[in-house]
């Protein structure tokens, strides 16, 4: 480095920089506004009534309209990228994601992470880092907590491997840890306005839903969305640099896949707008601009959680360029089909029937 | 359908599902916010002063800045798509569209439709459905009412044809039905700020205006706009599915054409920002991404409507890849030119001269 | 022109229309909203904390979060386009740009220009027009002032050349003219939240910073941004018309380059979010959709300006498809490299160390 050159640029952390127990306050707190909410609708096509209408939200029991859990998730996640995953090779998985408090437009969110595990890979060039990231509001209250693990490059392949430490992650968020989004008012959830008469009671374990609609994603769309979340991972934005990558082009942020699939999933899950936990998630194949996302869901479990709400444990499968009327998932040998993008296991809140007002 | 499959997905209504007199409350009420207004400007390039500036709007006589009538129209329209036109072959026309109350950021809009006519086509495979759709605000007050008719597929070609019933639609909205947007203050409409000194009095019946500017529409732009309106018609979004269509690609929502043409029409109609009625409208050719929209207008009629406003009845013609200095419209045989996209007949409010403050 | 044709369309001014001393009130005042702020983040990827978080802004000493100076600049600039540069051949340069008052969401901005110089080119077909453009808020207070000069076509090449008058423009904004963004509170600027511990004291004159990140710009993105600013220059939007231009395609608004480069410059200038003056700027090569922007900076000067702030005078170089680890700029013969897009000289405010709270 020449004497007139700066060392102020963040080059991100490498595998050997991460120590178990280390805590990181991420930069760029964000006040979520009505502008962000409008953009989230415009970028995903979300139609869940409680996020779209202040009046609907108030009438059913919210103080004001909540912000979509996924918009919150992406914002909290985005802040962690410069510190955690700027040099990530791959985002391997999520677990123990809990939405703890309702967030509304006007709230200011910041994001912190703790390193909870490290394990060098046998190739000696990369390692897996496990982090727990938490989002906090302007009052310092925790609104979101999740774990993820990423494969990160080592700066120096000769750096000795640390002692492997793996976190003990729950296979799914326990029903007792689920937080109801609000106290629902009896018979207040207007099914004509929400778009469906199906309540918690109507969904059965094992039921599969083909959401039918398809959504093509353009370069401009995923870039605008990912910047909205202030996620800076180079792979999403640097088209010139990505020509030299193994894909030869920009990769779409996995959160765009999740949000698009969830917007598509409105068709068949109209009253199940609010994600309250993510048990596990894997991006099993990459998405590129020009691909069309389709999605289907399976009901894995169900439980009442109080406040007038039940929770459905859903598996959400997103595909590319493959409609889901046959519920595509894996090959006979048990591998994911190359058309499958996402395998997400999450809990969503849905009103009990007696809190709904079924149209006449 | 297997036992583990769901029947909860909306596949839309087919021709035989629609009965005259039937009433439908559409889903997903929407609080229109400053975020939506900003996006509408960013997506269309609209520059009409009363929508852009709270101060301008207040100074001329509005309580607060009104929301552009077309943003309201698209939102009300979008809600009707899942119930009315998910299986539409074509959106055939509009009539009797009246903007009844000014809508502002913060208002929550929902949408209802009544079936006012059905007529099966002679091919026995499709039929035309006539609907009146109304938008209501959070106080239950009607803000918008319009009729449209769409060609819809039958689910079962063997289903017997219903008795044809056709609504009696007015050829245009009567001047006595036009609602002035507000009570204007004398000499308050600042022409330097609005961008033109031309008032109601300056426009003559028969006058044609070439709006000159051209606007190319990209896939990302029309998708973002159409999702903003929560319009879910597959033809706009499902690039993979549309490869098998007769067009081989996504169609752009006709409302994008209308809004783009109206934004272009600022050049020559600077004081005529506010649509108060749509008499008739036809999308005569489809628009695809990459095409460039141009537009011209003709003054069809004019009338004073009170509150300091006049109304111009305008014909707005939008073209693709064809500048409008020669006012392109039809062939010698009377068919629309293949480059013509839109033929829209509407009323727009424009201040009378004595309510304007002409720059010195 | 036929008798039924209108002369109401703005064709823009030509060189011979501009007279020194002439004053122009530009159209379309704009209330900047939280929607605009969200879009600015989504379109640029800006991460500077004081624009992103109401709480951060308040905690350090702002009344409310300021609007990014560049968003303000683009909006003020955009209003001047229909009157000044609709027939511009090229935007040649900027000087004496001062940000005089903090602008926040909710403020309404209008824009005025004065012609301060004209000089016909020796070819007799074009001339250079110098203008000073000012932005004012809803209280009539000046918030921004800058000079620019543009090459404009003559309507009539035979029109006699005016007497050349050139303004006396300062080579840079004097430190005494710099306005501190607010009164900072001691030890309040949280460096963990802002993303960097580097204060005014840490930057040295001559220091160069490679900002590393790259951002590809799509047609939809620059069009959405430029419409957000209500900038109507045809070259950015009319893809059909631009096929006949020497570039064969749309040009990207130079402001998109500036804003993207400044967003990239976060990496290494995290605490220097707020531009308070632009000394000089040149767009030395055009940017087209699909190109990837990179950027580097050099510290030219530094000065304390009161209120807890220092000012860094920075040179910002943006390139296309050329990473900046070697600080690319000019050829051996002194011409800009063809890959260089922008050479911008500006003052930015950054807290003094004692007003910062360095993480433990």
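Labels for the chains are A, B and C, by order of writing; each one numbers its residues from 1.
Definition applied: contacts are C-beta pairs under 8 Å (C-beta built on N, C-alpha and C of every residue); 3 or more make two chains touch, one makes a residue touch a chain.
All of these numbers come straight from a predicted model, not from anything done at the bench.
The two sequence copies chain A and chain C touch through a face in which the numbers common to both fall below half of the numbers used overall. A rotation of 120° superposes the C-alpha trace of chain B on that of chain C, rounded to the nearest 5. Averaged Cα coordinates give chain A a centre that lies 35 Å from the centre of chain C. Chain contacts: chain A has residues 33-36, 38-39, 218-221, 224 touching two or more partner chains. Residues of chain C touching chain B in their complex: 4-6, 8-11, 25-31, 33-36, 38-39, 82, 106, 108, 110, 138, 218-221, 223-225, 227-228, 230, 232, 234, 237-241, 250.
Interface of chain A with chain B (complex): residues 33-39, 41-45, 47-49, 52-56, 65, 192-196, 198, 202, 206-216, 218-221, 224, 267-270, 290-292, 321, 323, 359.
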